[in-house]
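Shared between the two complexes below is chain A, which pairs with chain B and chain C, respectively.
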Partner chain A sequence: MSAENKGAVAKEKESLLAKPAVQSILASLLCIIVGLFIGYIALLFINAKGANEAIVTIIKNYFTYPTKAAALKYCGNTLVKAAPLLMCALSIQFCYQAGLFNIGAAGQYVVGAGASLFCALKLGLPWFVCLLAALVAGGVYGVIVGVLKAYLNVNEVISGIMLNWIGLYTVNMALSSVKESSSPYTLSLASTNEAALLPSLGLEKLFSNNKYVTVAIPLAVIIAILLKVVLSMTVFGYEIKATGIAKDAAKYSGMKEKRNVILTLFIGGALAGIGAAFFFLSGYEQWSVTQSSVPGMGFNGIAATFLGGLDPIGTIFASYFIEHITSGGSYLDKNAYPSQISDFISAIIIYLCGFVLFFKFFLNSRIRNKKNNAEGGNK
Partner chain B sequence: MAENSEYAIEMLGITKRFPGIIANDNVTIQLKKGEIHALLGENGAGKSTLMSVLFGLYQAEEGVIKKDGKEVQINNPNDANDLGIGMVHQHFKLVQCFSVLDNIILGVETVKNGFLQKDVARKKILELSEKYGLKVDPDAKIEDITVGMQQRTEILKMLYRDNEILIFDEPTAVLTPAEIDELMQIMKNLAKEGKSILFISHKLAEIMAVADRCSVLRRGKYIGTVNISETNQEELSRMMIGRDVQLVATKEDKTPGEVILHVENMTVPSKLHHNNAVKNVSFDVREGEIVCIAGIDGNGQTELVYGLSGLENITSGKIELSGKDITHASIRERSTSGMSHIPEDRHKHGLVLDYSLAYNLVLQRYFEPEFSSKSGFLKKTEINKYADKLIEQYDIRSSQGAETIARSMSGGNQQKAIIAREIDKDPNLLIAVQPTRGLDVGAIEYIHRQLIARRDEGHAVLLVSLELEEVMSISDRILVMYEGEIVGEFDPKKTTPEELGLYMAGAKRKEVGA
Partner chain C sequence: MVLLLQYTLLFASVLILVALGGCFSEHSGVINLGLEGIMVMGALGGALTLKYIDSSLPAIVIVLAVLAISILCGAVYSTLLAFACINFKADQTLVGTALNLLAAAAATVIAKSINIIEDPNNVSSTVQYVEAKKALVVNLGKFQFNWFMLVAFIALVCAYVILYKTRFGLRLMACGEHPQAADSVGINVYTMRWAGVLISGMLAGVGGIVYITAGVSEWKFENGVAGFGFLALAVMIFGQWKPVNIGLAALLFGFFRALSNVYSGFDFLAALNIPGSVYNMMPYIISLIVLAFTSANSRAPKAEGIPYDKGSR
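Our next item is the complex of A and B:
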């Protein structure tokens, strides 16, 4: 009897640590700390003298600005880049729940950018039409992967990667007609079609009039929450996850797995496409029609989603964090350190995310041992 | 501590705990040299855990293991190997595209200057196979040989490694009656040659036939060890279950009613080879009868059920359910038209293992208005309430009730969950494929009672089984399948297992009208 009572008390105490959500957060934090530490060692190797200052700069990001106004303004910039990253991460995550590794999110992001900019600059359409165009373009691009997967069993990673490149060069071609005459960049939205810029709803005032801060940021967060709800509370989420973790059982119970695969990739593609529109319709950056590598946003989404513990809410924070240190890296002394050091740190963190499972396993076995010992002691 | 112990292996006072459960509670097993020692227990009684401890996969919290009277530490399977402990797993660990010889030497190859010395190995294998009567073709590929020969390959693997202590984990589950007899003979030969054998089983008849002594576990506790010559099946089952069990199901006579399932000239393709797995099969299943498809594994029973349930598209033929043509209906349509299916592979098809028990219990019904709203949201409270009801009604045991992840449940309770789900749908036709496979006597009794209850309520049951005992005891009509065809129809009261065996092995056949 007493053993049982003790066991119950121990369980109570450890229940917090045993919760998967708590473990995910702990694991992610551990990854971040170790990642920063290894990054710091790399800085020491490159240039030992300034390493302390450099790592602090990376972590501080916009806090390096002395005035609050400037800090807020640059905080806005980080958020502007975090929103599309979050969307790409959600795209990958949603597909991952259905057992699909949507590395094609990068290409879906590219066609989303192409469609929204084409509608904005060539056709002169307002922002909501451009946003819709990005959604549809990304979605359709995802459907190609989905159809290949569902009906011909083509691996989604292979078709996704190939479509990434097809998408890149198609978009480069399509946007060549709307580029500035003297540079490889597309025309600026502000000067060509102001109606295509995303509305800010006064949000820019919160960030020292940073005009790039738009409705995209809160929308991305809302979409993340929406996704969480869909996955955990709806029939659709039930089916998607069942298909993802037990394809045969899903088929046995009469779920239409083929339809679910295609639908999942449509949604995944649409999310990435919207992400691109969130970025390029803010006017923060113009598309370079001579770029010969697929923008990293889609790939970084993989990192954000894993760092976020494959949870939409966790991914919000993970996306912000990755953009935070990436932006922070740009403040480094370029003579002493390459700005890629932030990419390096995020790469390490991502790499460590692979150990999240290991960490959880370790934690669980610790908890188990402790409990066993507690019970054993009572005997 | 005697130096020359009469025991090959002793596990003394082994205790192993898992969260929420004591898998082995002070268990003691002593295996004498040259004996066949049976380990009997229900599913979840702790047999596998105990063997995993012996094999070094788990570490016991308490207790010692002794080899030849000397205490030993087994920290991993390599240690077990070094001590001469070998195991034939229930699911063979063979490389399908390798030959028998390659599989046997895998991991302990004789190598000279980096080249394999297969001739040396071949000689040793042939010697061993002669000595113990283990017929194998060393050059045949695993994928081409029978299950029985695969098992003999596994046994040769242990002998090739000069193992002295052989563990057989439910070795007869996959064999035909003739192969079982052969295996029994092999085990006796091995024991005669001085090997010590631990025989894990819950088939009482086999234990009675082959073992010298038998140790019984129940819910992780050691119940006792008995000499087989001084006991009987009833006593063993009482030790295992803790109460008297009806070994043979009883049921009232009943006249079958309307035809529920009508199958006409059905042909189903095979995934494994280019032939048809089911060829031109016709039969009926009526209200109030249990029709049993008997046959040796791999004669088209799996594909027959795939064709009926819609998991596989049939090539030709017609299927009617309660008079409705469902030949081309989707899986979901068949399910909602009154077909329930207890699948052969409960892990692959029957459950979403990483879902909770509650989610698994609504796997066939989650889309119904009772469990989901029009806007597409799941009604979690309703689902949990329904799950609690089924858990109570069907006595599904788990550590955390409806919230338990299905993967963490014992095999018997996973099966109970599937059965609860499929029966509670109140189907006209219940298709049960090997519903008792791998389960203990208590669970088997329970499942048989459930199937008979369906029949007594006037519904149709189609049972696919490899166990002749089961076939004989609960069916009203037996159809024997051989190489994709129905080769005989029998009344269980007017036939014998021996007669069925001849048809199952393809030695005899008769024309069957639907």
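Our next item is the complex of A and C:
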């Protein structure tokens, strides 16, 4: 290869590396690799003998099943849980665009679950009403954070956490009237009110008749794409981003920043609420009214959204990945390894995402230096 | 009544310790949202010390050992925050949240692994410390005095003296108000912020062990510390970042937290027939209301949350 050709190739490579999308993907892959590696080390510490097998089990998830039919069925289960995770991730992401860290997504998810199950079990309403109830409940819960933030300057992280706990206890109280008499779980939808189950439109046939696979999964993906469109192509999306980048400048140029903060949190809350309905109206799981910790779905959403490079499309893949390893963790030998090792890996990934900005800065300054050097050489 | 007083003082001690931790960190300019996670790690260290220490040792040795290990665990864990946020200018909210999730997951993994190794059929995340815990308390009639109450009081006095009466404290606060000005007179902002975060780690670590030994003799680490780190942040804001006010605010919040432990012991409260969940919610509701009224005119350190960049103007 001549020197000239080589230079051209190198230039192309550089410009590829300079693209923000490529950098984001690269950074996310790096986070995943390092996260899995640290998880592997932890497994080695716990029990060195089975560590190789354990990390492979986590990564393989449903592929551990020998038959294709079984693998497909459990793939369906992973997707059932990935859909609500995607919704929570989108909730956090949408708010983050406006400069708000919506850690209250976990609580908005909880009240969404409470509202949809209450409508389904106590009031016997059909699924679309339950879904709407979850949307409104989550949204209103988000608005509380928004009003506190916009008018009273309350840090949204702290108020979000407080509301998470208030939501949990309230929902536990509200749903204890519709629980099974012999267990702490709410009545099953299939036996109490079948009309409240989300329709499947024949999708379950694709996954070896996994009855939990419903319209929730394609809907979640469509909502993600919709958000991408709203954020990148509409005035409202532009205002949200402008508020996030420079609040005072946005205010100065005539945007109603207070209204935008509240509206953003309404949408964020509604997304998380819908996510809860997507999960609990599939009948996959029943709510336990004695649970004493906030469900992790909202917190895992933070991992998914940052791993997705704060882009709705990237978040689709990231949500799937996070749920994939979380489900994979449940296949570990329970008498040798704790399944929370997957949560541990997700948490490491979130921590590493904190370094992404620095990573991009580092990459860009290297590219710039190289460019400068190259130009200097030509002269 | 004595029980209510006892629990109020205990929970207030937790809140004082952790809120002072937040106070040191924020005065240096770093928002430490990872307090909750640091508490969990300190609690884990302390709980394991209690589990393995010889309970026939003199009480003072046990108390000091538990204190030392909790301080160490908290400080070590907080370096993760300092490293990312001070040296690498990472988003402080994101890293703090990551620390909380990481601590909950890591503590569960560690506690479970220890249980599994001891007995493969025990897959719970509970650590028990019934015997050694007795060393932490002294019975004064009906009132159970806990040594950690004294620790919290000492921490409060020390914090006041350090922040307002020493060169170190005043320099620390300068870094949180106007780091560029501090740097211009020769104060190393990075060192000061590291110091702030490490102190917050130590205090939160102790807060963690106090919380999980308050009234119980075992702890299920899957539960973390139930948002107490964030309650402490609310106490800190209510206390306007000042040690003395923090102490008073902690007493108020501690009282409401204590109510949920002992409400059934009061005839008139039990007669009201309010579900236990309402009492459990109380501290969180109160803190929301308090925050709503105090955040508007907040006296937060001016440069908190902004990574310090020597080159910026």
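Keep this in mind: the second predicted complex is superposed on the first by the 366 of 379 C-alpha atoms of A that agree within 3 Å, B and C clash if a C-alpha of one lies under 4 Å from a C-alpha of the other, contacts with A are read in each partner's own complex, and residues count from 1 in each chain.
The rule is simple: contacts are C-beta pairs under 8 Å (C-beta built on N, C-alpha and C of every residue); 3 or more make two chains touch, one makes a residue touch a chain.
Remember, predicted model here, so these are calculated numbers, not experimental data.
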item	value
Which of chain B and chain C A:129 touches, first, second, both or neither	neither
Which superposed partner A:152 touches (first chain B, second chain C, both, neither)	second
Touch count on chain A, higher of chain B and chain C	C
Chain B versus chain C as contact partner of A:363, first or second or both or neither	neither
First, second, both or neither for A:236, with chain B first and chain C second	first
Chain B versus chain C as contact partner of A:302, first or second or both or neither	second
Touched partner set for A:340, first chain B, second chain C, both or neither	second
First (chain B), second (chain C), both or neither touched by A:38	neither
Chain B versus chain C as contact partner of A:252, first or second or both or neither	first
Of all residues in chain B, those that touch chain A in their complex	17-19, 61-62, 309-311, 330-335, 341, 343, 345, 348-355, 359, 363-364, 366-367, 372, 376-378, 380
Chain B contact footprint on chain A (complex, rising order)	233-236, 238, 241-242, 245-246, 248-256, 368, 371-372, 375-376
Complex contacts: residues of chain A adjacent to chain C	42, 45-47, 101, 103, 148, 152-155, 157-159, 161-166, 169-170, 172-173, 292-293, 299, 302-303, 306, 334-338, 340-341, 343-344, 346-348, 350-351, 353-355, 357-358
Residues of chain C defined as touching chain A within the complex	33, 80, 84-85, 88-91, 93-95, 97-99, 101-102, 104-106, 108-109, 112-113, 116-117, 120-121, 123, 125, 222-224, 226-227, 230-231, 233-234, 237, 275, 277-278, 280-281, 284-285, 287-288, 291-293, 295-296, 298
